[in-house]
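Presented sequentially are two complexes of chain A, the first with chain B as partner and the second with chain C.
== the complex of A and B ==
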């Protein structure tokens, strides 16, 4: 309860939580909130590239579809994409980090070296290469993002586990005859959960930016998927006339990433006092 | 001794890391469903022509053999030939490197010149209105999609206001290439017109690239300054009656800036990743745009050359930063 109160006093974190709440509402209720829910697939050439007006709040795109409606459905794609990608990266990275950090041997060194190789090039380059190799589709974007982001969690969990390894409570659990499995899952994991949760929130923001970049470069889902990055790419040839076309999806990406970053910062302050940003 | 063993340990891992990187990219480039020989030979090639191309590039050999051959070639400085430009990859990379270097250097300069003073101000005047405003700005700067920000800048400053060029690096004839950095070359040639053109083309991409880097610099510098101000040594100096001015200029800034220096590796990573996108949007003829084009055209040799080049540069810079950090603060050396 105390944690919730402290979180609520932090205005920035609260703003982050609000933005994420709106995003989730938009994603869940898109079919009911959207004024033209069929415009994800329908097109009306006679209404193409209309400026924002009461009947199309954010204007229409090159196919005459309502941008606001497509934006709402785009929230679904964004959340699903980042959620699955980050979830898979966690599922790969956390066990590797735990095992490599708990057993200190040549094998853990090797595991961490592999992680560092993945971190040796900018994530976006690796993600573009993987997505292009596999062909443009949402599944492949998710795969590309999971494969490029797991080392971040592996390295974090590895460092945390190593420092836990020497804690007295871990030593006593081992001395009492607890199996390594039991020590890792019941004693170490709960104690390193905070930094993992914090990094997951901030990682969601980074993943959404990368996913949007892949969409922008044409490596994401094929049209007419209402993916935000792709919508911005489509708008390029209609500048400077259709100024509204890229505006809404760009702001949507910005608010989403901002939401995850502020939320993550707020979580860090209440969960992980060691790395607390100095206020 | 500790420092030396740290450096030796990192150097030993340098080559295996690059080999691992090569293996990953090589595997990627060979699991594709598209036949690279078919792509290289062109759409109208006959079966025999495709077979010839396959033999010429060695695509008919088993994969491990292809990989070993590739590693051997790379060790000799031969990255192969690009299937699209028909130039050796090394030449392609070399001609595009200066453009990326120039853009990145200007972006670092902007990020440092704006980020460090603002970060110091925020740290010294914690919780002032400036600190709060800049916190919003830096958090926002890290949340903006750079390709979108680039498009908005293009829309406003080149399409609407017409103040700056839309894309590219230069109009008219470029100055005699000496360093490959247009601004420097124009200065050497004494060509004022070329210099103005080069600078005008530089502004929008450099600002786009510098935004997230500057935001990062502000945050690190601010936290560094606050960390030092709260340290016992500053409390001691205050108690000894040193004037605040001396404490700040002589101790706080120096200690805080070394903390920022150690984040150079991270900032370089941000810039390199940013260059890939920014160069694509602004048609900047550098490595990033080259990489995106090569990836989209399935030009594997070029992709591998670029990845290796970036990876080597990145690992090298991180090594330098680690050495610097260990030299400044021996406690962290392991």
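== the complex of A and C ==
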């Protein structure tokens, strides 16, 4: 209860939580909220590139579809994409970090060196290479993001596990005859959960930005998927005249990433006092 | 404009007889740089293996042919050759070369270079080769003297003369010196140049483009204030090309920009738009050989499912007119009153009911950097979904798409693209796109119809224009009845150039990229 109160006092974190709440509502209720739910696939080329007006809140795009409706459906894709990619990266990265951190052998060194090789190449470059090789589709974007994002968690969990390894409560558990799995899962993991949660929230923002970049470069979902990055890419040709075309998905990406970052910062402040912002 | 048979004959044959253009002795005050922003990468400079419009600038500026296409409607003017004669039986073509032509290294251009060039074209079997393979056998071309070349065709050819401008002459000594293991220097010439053209290559980077310097000793001489430096830069982003023109960074760009962009450019005082009716048909190319696509009812369903009028009225803003068949409207070879297909989803559904094979998702491979191609793909995806056909849209650059088109297995089901002019004859369109003999080289369709091929074989050898017209009209009708392709519009060319440039000479063959005619305004 105390945690919730502390979180509620943090205005920035609250703003982040509100933005995320709106995003989730948009994603879940897109078919009911969208004024033209069929415009994800239906075109009305006689109404193309109309400026924002009451009948099209954010204007229409190059195929005459309602941008606002497409944005709402785009929220689904964005959340699903980032959720699965970050989830998979967690599933790969956390066990590797735990094992490498707990057992100090050549094997853990090898695991960490592999993670470092991945970290040495900028994530976006690696993701572009993977997505380009596999061909443009949402599944491949998710795969590219998961394959390039896990080392961040592996590295973090490894460092945390190493420091836990010599704590008295871990040594006591070992002395009492607890199996290594029991120690890792029941004693170490709950104690390093906070940094993982914080990292996940901030990672969601970063992943959405990378996914939008891939979409912008044409490596994401094929048209006419209402993916935000792709919508910006399509709008380039019509700038600056059709300013609303790029602005609407741009603001959507901005607010989403901001939401995850503020929310993550807030979580860090209450869960992980060691790295708290200096106010 | 309607073109009569007589006009067409005049265009094709008569123009050659036009007296030599008086370039000699003309003086020029040169200087300045012309930067052309191109929407496709120049990955290969070889004039004998690359034969498309996107990379046409290398052929027109670095190399010369025996004759050259200029102006609109296109006419052939004497170029490296001064004149030619044809034997009675139509099989022997004798060309007289001009005496004063030189390559960029100073070596005089002789008949030996012409022979080496044609041998290289037919040996490599790429680019324009399919136009000659039937008629010219290796070793059959002879040179009685240094300035006479004799082409001994195995059979009379109705299109040989119109394709002569595509025999671009390379410096045989230089190319031979760079051959490796009998590769005709294919690797070397992809990155280097060995021509006699108006400009000499300075630097080539496949990722950036190429630069060239004016060749002052070019046989055609120079008039006005030509540009000394030339750059063809790869700029894939449409918006960057447009902004560069507005800012004055680019002096020219492709004349087939989306109409939205032309309207934007018109507002800039730095840019002039030169308009011309072109010969370039926008086609949704269907791969007739793939399962499901090989069913005529399925193809007809596709042909009824494209919103032709909506596309022309809204996306093209009414700037072009409907072209119901494969040949551009101004050219002969299309039966009078050919209606083509219209947008009618009910008819499409009826045709779809007659399809016996199971439906499968269809792939449309749109051209990256050509927004009309992408928009046609998305629009088609939408209308096809309404009749229950699922479509996957894949967008890739022209070099990738053209690579895939070399085989029936790799060519996508549908490709929205243009068929441009390489020579002015219906064979350039209906013949090349649907004849079995052009599979793997010039085809868009992998369509195979023995009745069509029989007519094509005849049309390529007969010298009787009336017969040829009848044959091409019949072929066009067959393509229409079999819905072997979807034909949308004939392009209008809106050439965007710097307002400080004059003398641009547009022809549907060189697409305003033959920069030797351009001059700086005083």
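One rule holds for everything that comes next: the second predicted complex is superposed on the first by the 279 of 279 C-alpha atoms of A that agree within 3 Å, B and C clash if a C-alpha of one lies under 4 Å from a C-alpha of the other, contacts with A are read in each partner's own complex, and residues count from 1 in each chain.
One rule holds in what follows: a residue touches a chain if its C-beta (ideal position, glycine included) is under 8 Å from a C-beta of that chain, and two chains touch if they have at least 3 such contacts.
Bear in mind that the values here come from a model prediction, so they are computed numbers and not experimental data.
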* **Touched partner set for A:195, first chain B, second chain C, both or neither** => neither
* Kindly classify A:62 by the partners it touches after superposition: chain B alone (first), chain C alone (second), both, or neither? => second
* chain B versus chain C as contact partner of A:218, first or second or both or neither -> both
* Could you tell me if A:124 is touching chain B, chain C, both of them or neither one (first, second, both, neither)? => first
* With the two complexes superposed on chain A, say which partner A:136 touches: chain B (first), chain C (second), both, or neither. => second
* For A:229, is the partner it touches chain B (first), chain C (second), both, or none of the two (neither)? -> first
* Asked: Is A:266 touching the first partner chain B, the second partner chain C, both, or neither of them?
  -> neither
* For A:74, decide between first (touching chain B), second (touching chain C), both and neither. => neither
* Asked: Regarding the shared-chain residue A:97, is it in contact with chain B (first), chain C (second), both, or neither?
  -> neither
* For chain A, which residues belong to both interfaces, chain B and chain C? -> 135, 218, 236, 239
* Structure fact -> So, in the complex, the side of chain C touching chain A is made of residues 237-239, 258, 260-261, 264, 307, 310-311, 313-315, 368, 371, 374-375, 377-379, 381-382, 385, 392-395
* Quick one: in the complex, what on chain B touches chain A? -> 13, 16-18, 20-21, 24-25, 28-29, 31-33, 126-127, 135, 139-140, 142-149, 151-152, 154-155, 159-160, 222-223, 226-227, 230, 269, 272-273, 276-277, 280, 291-292, 295-296, 298, 303, 306-307, 310-311, 314-315
* Structure fact -> Contacts from chain A onto chain C in the complex sit at residues 41-43, 45-46, 48-49, 62-64, 135-136, 218, 222-224, 236-239, 241
* Asked: Which of the residues in chain A end up touching chain B in this complex?
  -> 12, 113-114, 116-118, 120-126, 128-130, 132-133, 135, 205, 209, 212-213, 216-218, 229, 232, 235-236, 239-240, 243, 246, 249-250, 253-255, 257-258, 261-262, 265, 277-279
